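You will see subunit A twice below: alongside subunit B first, and alongside subunit C after that.
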Partner chain A sequence: MKPVFQVKSKILTLLFFTSGLMLSTAQANLVIEISEGYENALPIAVIPFQVEGVVAVPEDISGIVSHNLRRSGRFAPLANNALPSRPAQLENIVFEQWRSQDIDHLIMGSVTPRPNDRYDVEMRLVDVLRRQQVIGKRWRDVPRQQLRQVAHQMSDEIYLELTGVPGAFNTRLAYVTMKIRDGERNYTLEVSDSDGHNPQPLLRSKMPIMSPSWSPDGTKLAYVSFETGRSNVVVQNLDGTNREVVADFPGINSAPSWSPDGKSLAMTLSKDGNADIYIMNLQTKALRKVTRHWAIETEAAWSVDGKSIYFNSDRRGQPQIFKMELDSGNVSRISFQGNYNANPEVSPNGRYLAMVHSNNGFNIGLLDLYTNEFNIVTDAFLGESPSFAPNSDMIVYAMNRDNKGQLAVVSVDGRASQILSVADGQVREPAWGPYRVQPNK
Partner chain B sequence: MRLTKIVLTGLLLGSLTACSTMPGVDGSTAEDRRTAEAGLLDRNKQAAEQGVEVLSLSDTQGLQGETLIQGEIGGLLDDEAIRDFSPVIYFGYDQFSVDEKSTKILKHYADQMLENPRLMLKLEGHTDERGSPSYNLALGEKRAKAAAEVMMLYGVSTDRITVISFGEEQPAELGHNEAAWDKNRRVELRFN
Partner chain C sequence: MILFIKRHPIAVSLAVVLHLTLGVLITNDWFKQADAIKVNMSSDGPSQIDEVVQRQPLQTFAVDQQVVQAQVERIKAEQEARRKEQERLAAEAQRNEQRLTQLRRDQETETRRAEEARRQADIERQRQEAERQRTAEAQRQAEQARKTALEAEQRRQQAEKQAREIAQAAAKQRESEEKRLKELEALQRQAQEQAAKERARQQTITEEVKQQEAQKRQLEAEALAARLMREQLEQESLVKRLAEEEASKQREAARQREMLSLRETYISSISAKVRENWRTPANISPQAQCELVITQTPSGNVSSVRTENCNEQATPQFKQAAESAVLRAQPLPRPPVEELFERNIRFVFKP
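Moving on, here comes the complex of A and B:
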C-alpha cells in the first residue's frame, strides 16, 4: 500500500467566502476552501470580462471561471492585480507581455446586457505560444439565473481543451444537511452546483435522510427517508414531482443504486431476515434477490456495463468488497488491504473503485481496476461516502473537521483537494450528479 | 463475552481431537509427541496474538452450544450485582453480541413484559458514526435483532417485539471521540 497523499510545500490556502448578495435564497451556500493543489499547476491568465454598456452584470463570469480552474488543482490563475494588461480584443494582445510571465494561455471575453435581464456572453481561449485563438464561443440571450451555468460550461470546455479530460464544473451535487434547532434535528436533502452555489432543498424532514443516488439521466434521485419512523427507499424527480416510496418492506430498506440503463434500482432489504441485496425493476417493481447470505450484504454499486455489482459483505467477519456477476451469480473478493472496506463506488470510466477504507482511522481508498494498485487518497478524520465526478477525475466524500461534518473533494491521484461546508450545520452523504450536457469529445 | 470463549473452546477441542488421531502422532515416538506438542503450543501462542484466548479443554467435552447458552443465562439470574436497569444496552466496535451485563438488563425487562402482557417493545439499534452509513444501518439492525433474540429466549413472544435500525443517524452523544462512540453503539428499549 503506497499512500499517495503528500503534504505540499506550496499550499493554496485561498478562502472563497461566497457572498450571499447575488442570491436571495434562504439556503446557505456551501463554502469552498481550496486546501491543496498541484505543485506544478499551470499558470494561466483569466482577464476580467469586458462589460459592454452601463448596466451592471449580476455575475462575475470570469471570476467563476478562474475559481473553477483554481479549485481543479491543475491551474494557477494569475491574480487580477498581477495581470500586465487587460486586452479586450484579440488584436490588442501583446504576446511578449504574457510569454515573459510564463503564461501559455489567456482567457478573455465580454458580457453584453440585453433587454429583460438577459445577456450575451463571449469567451475566447488564446494560445500565447502559437498566437492563435483555440476556442471562441458565444452564448446568446442568457437569463440572469443561468449566467453561472454558462460560466461552468465555459470552464468545462477550457478544461477539456487544456487537459484532454472533459470538465465536470457544470454538474451538481446532492447531499444531506443536518442542523440542530431548539434541540431538534432538521434534515434537508439538497442539490447544489458543483461549486456549492445555488443550493436547493428537495426534502426537509425531522427524521434522517440518507444515501442520495442520481438516476443516470440526472432527472431523479433515489434516497432513504425515515419519515415513517423507519428506513424507506424513495424515488423523486428533481422538480419535486412523482415522489414515490418504492421500498417499504419490514426491516431496513436502504442503499439505493441506479443501474447504468436507469431501469433498475439495486437496494438493500432485510425483509427475509437479514440484510441482502435486491434489484428492483422500476417499471414493474418486481424484486430479484441477488445475495443470499446470513452476513450483512449492502451498498451495491453497478459496474459500468451493468453486468456486475460490487458490494460490501462482512461474511469474513469484517466488511470487505466483493463482486458478483449477475448472470452467473459468481462472487469474488475484491478488497484485500486493511481490515475494513465498505461502500464501493465505480468511477464512470470504469477504471477505479473507491471505497471507505480503514486500517486505523477511516479514509477513502482507491483501487485501480486496470493495474490492481491500491492507494489511500485522503488524509481525513472519519472519511466516508465517496462519489465520483462524471469525468472520473475527482471524488467528493464526507469527513469530519472541527467537530463538524463537511464535504471534501480530492483528485483521484490524491494531490488536489477542496472542502465544502455549511456555516451552521453538518453536511453528509454527497453524491455527484452526471453531466448535464454530454461532453463532445 | 464468556459465551464466545466457550464456544471457541469447543471448536478448538474438535480440531485437537482430530490432531491426536492423525496417523504418525498417535502411538508414535517421544520425539514425535514433543513435536506435536510444540505445534499445539505454537498454535495457542498464535491464537493469543490474534486476540483469541484459548481456554482449558478438560471440562467442556460433550457440551452442546445451545445448552451452554441456556446454562450461561441461568447462571446470571442469581447475580444481583447490577441494579441499574436503564433501558439501553451497549456494544463493542463492529460487534452485535449481547454481553453479560446487557443480558441481565434484557432479562429484567423480559420479566416485566411477562408480568404485564400488554406491554409492547420496540428495540432501536444504533451504531457509532465510524465507517459507512449504510453498513451501519444494517449493523444497527443486527444489534436490535440480537437483543430481540435474548428477549425471546426469556419467553417474550415475537409479536410483541418490533425491531428498528437507525444506524449512525441518531447518536445519543454528539462528540467525535471514543467516549461518545461507546455511548452510541447501543440498542434502546422503548415500551408502549
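Moving on, here comes the complex of A and C:
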C-alpha cells in the first residue's frame, strides 16, 4: 500500500461514515481501558487525600494519581476499600499494617482550600520498607482548573522516583475524533490531558483533519485540513489563535513535522508533480526541496539533532524507511524487516524509530537505533500513526478494533498497553505532546 | 769390574797371585839367561853353549789386555833378538862342537870316577851318621819314657785329686742342685699354683668378662629389641596418628564441605527469598547485577542492606529495588545449622 494511497484510503474510510449519525457538540472524554500491565507491578497504596475544611474539592487528586499509576501498567494501587487505614500524618502510619498488605509505598496528602477557588496541595511518598518519606511536596494556591495538572505532576514525580524515568502524565494528546451526527461527519481536532480528560477542541470541521504535529514548545500544532476541499497544511496556536495556512500548493500538502528547533516544518508536497519532501522555514515560508526522486517520498520525521530526516519512500517498489542527512543529501535505507514500513517517528530520546510495519497486517514496529534490534510492539490490530510520549517510554498509536477507530498506548517494551476510545465516535491521528510547562509549585 | 772383584774376591786374588808368580818366574829366567850368556861370553875356555830355550808363548790369563799385548810384543822382540843371537852363536858353537866333544869325553870319564869316590864316601858318612842318630835316638827315647812316666804319675795324682775335688764339688753341687731343684720345684709348684690360680682367676675373669659380655650382649640385644619394638610402636603409632590425622582432616574437610554446601544452601535460600520478593516498576536491564550486602539479626530481620560492586547496567532503581527485595524478604530464612548463621551476608543478585 503506497502512502499516498494510504492517505486516500483514510479519506475514503472516513467518508464511509457519513450517513445517519448525529454530530455531538458535547465534550466526550477518551475512555481509557487498561488492557495489559506488568506481571510484577509494584503494590502501592494511594490514600485518599485529606481535605482540610468543609469545602468540597472539585478534583479527586489521589484518584487521578492512582489511575495514572495503574494505567502505566507498572503499579498496582490498592483499592480504596482494601486500605487497612487512612493515616493523614507520617506519625500515624503503622508500618506493619502496610507490610502485611505487601505494600511497599504509600502516597498520602492533603488538599487545603484557599480563597478564590484556590487550593494548597501536599503530597508525600513514603517507603514502607525503609520507613521513611521519599518525596514531600507542596503546591500552593492552585486554581481549580489546574488541580488535575497538579495531580499529573505528582504522578510524574512518583513515577520518576520509583522507575527512574520521568513520567509522561503531565502531558497532552492531540487527536482527531469523528462523530457522525445528522448524517454528517463531524471532525474535531482535540487536545486533552494524557489521561483523556479535559479535552479541548481546537478545530471542528465537516472535512477530514489529519496529521497533527506538536511544536517542540507545546504551544502550537501543525495539521492537515481538508476544509477547503483540498489538503492544506495549517499551523495554529493551542489556544486557537494565529491560525495560518502555510502550505496550499497544488496537489498534495500533507504530513507536517516540526523540526526540533521549532523553526521549520517538513512536509510532503506534490506541487512539482511528484510527492517529495520539502522543508519550510516558518519565518520566511521559504521552501527547500529535500528529496528529488520519481518515487513517492512522504511522512518526514526529524532526527533529535535536527540534522537528518527519516522518511518513507517506495523507491524500492514498496514503502521502506530511509534516512537523509540534510547537509550532504546522503540517503540510506533504514528498515529492512518486512515488506512494508511507513510513517516513521523518532523517540524524543533519539533511541527508537517507531514505524507502521506490515508483514501480514499492520502493526507498530520499533527499531532500536542503538542496537539495530527490531521488535513489533503491538498485536493484531490495524495500527498506524505512532507517536512517542515525551519520556520515550510509551507510544500512542491509532488502531481499528471492532471496526472502530481507537487509540492505544503501549510501552516500548510492549508489556503494558491501554486503549483510549470515545463512546460515540471514532478517534484517530494521535500526537503525543511534549512536557507541559510546570505550574507553580 | 769392581762389582766382579767384589763378587769373586778369591778367584781374583788367585788370578793376581798367579800373575805375579808368573811375572817373577819370567823375570828370573831372563836374568838367568842373561847370566848364562854373560857367563858363556866371558868364558875363555870352551864355552858351554846352552840351548836357547824355545819359549812357549805365555799362557794368557784374563789380565789387562794392554799389559798383555805390551808384554807379548816385548817378548816377541826379545825373542827375535835372541833368535838372531842364537843363530850367530849356533854357528860359532858348531865350530867349537868337535873340540868340545873331545874335551867332554875326557871330562866325563874323570867325572865318573870322582863321582864314584864321592858316592862311596857319602855312603860311609851316611852309615856313621845313621849310627849316631840311632844312639841318640835311643837315649832320647829312654829319657822321654822316664819323663812320660813321671808326668803320668803326676797327672794321675792330679786327676785323683781333681776327681776327689770334683766328686766333692759334685756332691755339693748335687746337694745344692737338689736343694735348688727342690726350691725350684717349690717355686715351680708355687708358680704353677700361682699360674693355676692366675689361670683360674683369668678363667674367672675371662668367664666373668664373657659373662659380662654375654650379659652386655644380651642387654644390648634386649635394648636393641626394645628399641626396635619402640621404634616399631612409634612407627605404628605415627602411621596410626597420621591415618587418624588424615581421617580427621578428611572428616573436617567433609564437614567443611558439608558446611560450605550448607552455607551455600543457606545463602541461596536467602538469595531465593530475595528473588521471590523482587519487583520493580522500573525498566531493568536483564544484565543488571549487584552484590547485596546484608546485615541481619539472628531472627532474620535486616538491620541494613546495601548494594556493592554493581555493573554498568545497574541503575539506581535497580539498586533500590534489590534492596527493597531484601527488606521485603524479612525475616530472612534461618540457617540449616545454627552455627552457620552469619550476621553479614553477601551475594550476587540479578533480576
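Following the convention adopted for this analysis, the second predicted complex is superposed on the first by the 410 of 441 C-alpha atoms of A that agree within 3 Å, B and C clash if a C-alpha of one lies under 4 Å from a C-alpha of the other, contacts with A are read in each partner's own complex, and residues count from 1 in each chain.
Rule of thumb we're sticking to: a contact is a pair of C-beta atoms (placed from the backbone, for glycine too) under 8 Å apart; a residue touches a chain by one contact, two chains touch by 3 or more.
Quantities reported herein were computed from a predicted structural model and do not represent experimental measurements.
**Student:** A:N400 contacts which: subunit B (first), subunit C (second), both, neither?
**Tutor:** After superposition on chain A, A:N400 lies in contact with subunit B alone.
**Student:** For A:Q50, decide between first (touching subunit B), second (touching subunit C), both and neither.
**Tutor:** A:Q50 contacts neither subunit B nor subunit C.
**Student:** Have a look at where A:A342 lands relative to subunit B and subunit C in the superposition and call it first, second, both or neither.
**Tutor:** After superposition on chain A, A:A342 lies in contact with subunit B alone.
**Student:** In the overlay, answer first, second, both or neither for which of subunit B and subunit C A:T112 touches.
**Tutor:** It touches nothing on subunit B or subunit C.
**Student:** Would you check which partner chain A:L42 touches, where first means subunit B only, second means subunit C only, and both and neither mean what they say?
**Tutor:** After superposing on A, A:L42 lies in contact with subunit C but is clear of subunit B.
**Student:** Where does A:L162 make contact in the superposed view: on subunit B (first), on subunit C (second), on both, or on neither?
**Tutor:** In the superposition, A:L162 touches subunit C alone.
**Student:** Is A:Q146 in contact with subunit B, with subunit C, with both, or with neither (first, second, both, neither)?
**Tutor:** A:Q146 contacts neither subunit B nor subunit C.
**Student:** Specify the partner with more touching residues on subunit A, choosing between subunit B and subunit C.
**Tutor:** It is B that touches the greater number of subunit A residues.
**Student:** Which residues form the common part of the subunit A surface touched by subunit B and by subunit C?
**Tutor:** The overlap between the subunit B and subunit C interfaces on subunit A is empty, containing no residue.
**Student:** Given the complex with subunit C, which residues does subunit A contribute to the contact?
**Tutor:** Per the stated touch rule, the residues are 38, 40-42, 72, 74-75, 102, 104, 127, 129-130, 159, 162-165, 393, 413.
**Student:** Going by the contact rule set out above, which residues of subunit C touch subunit A in the complex?
**Tutor:** Touching subunit A from subunit C are residues 278-283, 315-317, 324, 327-328.
**Student:** Would you pull the subunit B residues touching subunit A in the complex into a rising list?
**Tutor:** The touching residues are 94, 129-135, 137-139, 141-142, 145, 163-167, 169-170, 175-176.
**Student:** In their complex, what parts of subunit A are in touch with subunit B?
**Tutor:** 185, 208, 210-211, 224, 226, 229-231, 251-252, 254-255, 268, 270, 274-275, 296, 298-299, 312, 314, 318-319, 340, 342-343, 356, 358, 362, 381-382, 384-385, 400, 403, 428-429
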